[in-house]
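Reviewing the structure listed below.
Order of writing sets the chain letters: A, B, C and D. Residues in each chain are counted from 1.
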Amino acid sequence: MSFLELKREVYEANMELEKRKLVTYTFGNVSQIDRQLGVIGIKPSGVPYEDLKVEDIVIVDLENQIVEGRMRPSSDTKTHTYLYRQWQSIGGITHTHSTYATAWAQAQIAIPCLGTTQADYVYGEIPCTAVMRNDQISRDYEEETGVQILDCFADRDPNESPMVVVAGHAPFTWGANAAKSVYHAVLLEEIARMAYLTKTLSPGISQLKQELIDKHYLRKHGKDAYYGQSK
Amino acid sequence: MSFLELKREVYEANMELEKRKLVTYTFGNVSQIDRQLGVIGIKPSGVPYEDLKVEDIVIVDLENQIVEGRMRPSSDTKTHTYLYRQWQSIGGITHTHSTYATAWAQAQIAIPCLGTTQADYVYGEIPCTAVMRNDQISRDYEEETGVQILDCFADRDPNESPMVVVAGHAPFTWGANAAKSVYHAVLLEEIARMAYLTKTLSPGISQLKQELIDKHYLRKHGKDAYYGQSK
Amino acid sequence: MSFLELKREVYEANMELEKRKLVTYTFGNVSQIDRQLGVIGIKPSGVPYEDLKVEDIVIVDLENQIVEGRMRPSSDTKTHTYLYRQWQSIGGITHTHSTYATAWAQAQIAIPCLGTTQADYVYGEIPCTAVMRNDQISRDYEEETGVQILDCFADRDPNESPMVVVAGHAPFTWGANAAKSVYHAVLLEEIARMAYLTKTLSPGISQLKQELIDKHYLRKHGKDAYYGQSK
Amino acid sequence: MSFLELKREVYEANMELEKRKLVTYTFGNVSQIDRQLGVIGIKPSGVPYEDLKVEDIVIVDLENQIVEGRMRPSSDTKTHTYLYRQWQSIGGITHTHSTYATAWAQAQIAIPCLGTTQADYVYGEIPCTAVMRNDQISRDYEEETGVQILDCFADRDPNESPMVVVAGHAPFTWGANAAKSVYHAVLLEEIARMAYLTKTLSPGISQLKQELIDKHYLRKHGKDAYYGQSK
């Protein structure tokens, strides 16, 4: 893939965030990695979506050095590169402050699996990280946001929950490429909204039983999946 | 009715779901039965609405065998055919994960009749099924979703509540044809939203008295109805 | 004013309801009276807004007899004519099932004056009627809805609260003409939404102090008003 | 800057309020000051946004006298001029009754800093004024609204919270010019919405720890800021 193709895919994924109404002003950023070239394309910092152009996408290597681009990359770049370095299986990352997902992040609560809508995409709850420790904040805040997320997935496969809410902050989602990570950001926002409504309607509700989670997750994922058109 | 006419009506009903903003991505599906031909038309599995075409609608018989169509039918097809086999009076079925109706399904609570908006369309509460038993999940999940719904209507006429919320899952609605079932899906979402707001504003509120439910339901339904234009 | 002019104003006021997203399908109706001619123009029963035409508006006298029009008038016509007969000062009436106002109606609670937004338009709380008695329901339901509203204004000037929520049902609003009654319906929905949010955020909050209500209401109404452009 | 340029900037900032859906009908007003000329441009009172024209913007001096314009200025003009006189650092002011911010004002609660979205723009909580005293109401209500706000910032730099909710009323925001004050009004509404959802989901949640507030606020503000493109 050429830098231009990479920029175009990253640009389109960023614009999809705007189209799906997940962002206010300059909030949010999407990146995609080209593992062969060892670079990522990412949104420039603080640029409104209506002004964004394909050529504004910044190409950065995995040590956060600009390879091509006239603009400063997203201030969250180090979180993206950290996750790409740690998780070989992911190809795209989206960060938003979408309203309902951010409310769960601010409440510092994992989103329990309350229905099959969530179980169709996530195997169990959507985790919430711990609040960042002071030594992390004073070290390298953006890279430590990546560490925060990794710690939260110590016993969990990132493909089984392609999304997380960072305590006191907001969500990150990922996927095979930039477009898939945006797709997960849209789903997370809708799932977070349904879960908010369910919890405020019935505060004592508990998670769906495991057999139903298994059934829904596994009919869409893994070797026995039967949802969608055949590959 | 020809297969093409059936496909067109099913296609248009599915697109209405999108237009009314009841679906995210590929969520949801609408079908319609032609009882003379013994077939249903139904949305293909996992196809986004913006890509859907009339010819993509799959024609399936009541034993779930594809009669015409190049695509795999909705993964919920067996729920549809089960309901059509059990309820001779219905002609169309809609399944969505619309936000507020799904919140009630996830809270596992029937929607009480709190006002005349609901009483205009439903005779009493909108039932919520039991959570599916493990033996059902391991048998034939989609067909058992139909059984779950039937069990819930053991003592109730499906025409008096053309809608249900399936516990831990999401709503199903039905009607004389596909378009009417979508109409009920839109009404259910609005009724579910009003009921959510009412319950969170006044958690102790109880159901409307029966005399008011009778009055509103019966002024729109049955032999003494006087709402709308004369037939 | 000719019947045609009356129909046009009523038509436009009804379409404004749709444009302001206060109605779902056929919900809602707006009327206007011509007191010299002793007739009202009102929406026909059960006609979707997208199909409504100027000539569909029905002209009815104050005893509910059709004077001109091929369609059946709104099933709520008797509520409108009752209010016009009782309140000489009003010229237009709007009935909707707008979401937040209906939630207050279903919760059977008057909307307390929690802020100056409400005090700018209503002098104190927005009243909620009593639930209709059984003898009223079995008499003449739609006319009794008017009685229900009148009872609620026994000690109150309808111009000081040009809006009410009918318990277990939905709101009615009124004004100098059809357009003003729709204006009040839009304001009521926004006020009801703010009040819902305030009450769920702080359930113990009490009504704004009278001095602030006086100040805001009276700077917009009465002989010392100074809001807006001079007349 | 000529009066015409000032009017144009004020006009565009007012229209942005409408475009961002922060206003209903005539609610809200935006002004901007030209400190060299000692005048402000402000929206006329009670004019709907769809009818507003550049030439309708009223030019007023800091003692509230009309310098140029055929219309009466916003009834809130004295609040604006009071704030401009007291705070030399601000260049634009926006007043809205945006839904969620107004709910906090009506609940009479400062918006705690629950997440980094708020900390990116405000250094700590968004203050809520005291309810206006009766002697203030009977003196000069609109000017006293300015006093109310000043009292609330006795120990606080207005640049560290370019926004406030006035108890029982609604928000005011400010910035370097009219456009920036509208930008803050949009952010406040989104922050207020997230905070509402967080508080209703988890009523016991407490403010984010100071270290995280420092980190986020200071990476966007002050001499060590590193967000956005270099100046």
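Here is the rule we go by: a contact is a pair of C-beta atoms (placed from the backbone, for glycine too) under 8 Å apart; a residue touches a chain by one contact, two chains touch by 3 or more.
Here the structure is a predicted model, which means the values were calculated and not measured.
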Lowest number of touching-chain links that must be crossed from subunit B to subunit D: 2
Cα superposition angle of subunit C on its copy subunit D, in degrees to the nearest 5: 90
Same-site or different-site touching of subunit A by its copy subunit B, using the half cut: different
Distance between chain centroids, defined by C-alpha means - subunit B, subunit C (Å): 33
Mean-CA-position distance for subunit C and subunit A (Å): 46
For subunit C, residues that touch 2 or more chains besides their own: 200
Those chain pairs that satisfy the touch definition: A-B, A-D, B-C, C-D
Subunit A-touching residues of subunit B, taken from the complex the two chains share: 24-27, 44-47, 71-72, 75, 97, 99-100, 102-109, 131-132, 134, 137-138, 141, 168-170, 196, 199-200
Contact footprint of subunit B on subunit A as seen in their complex: 114-117, 183, 186-187, 190, 193-195, 197-198, 200-202, 205, 208-209, 211-212, 215, 219, 226-230
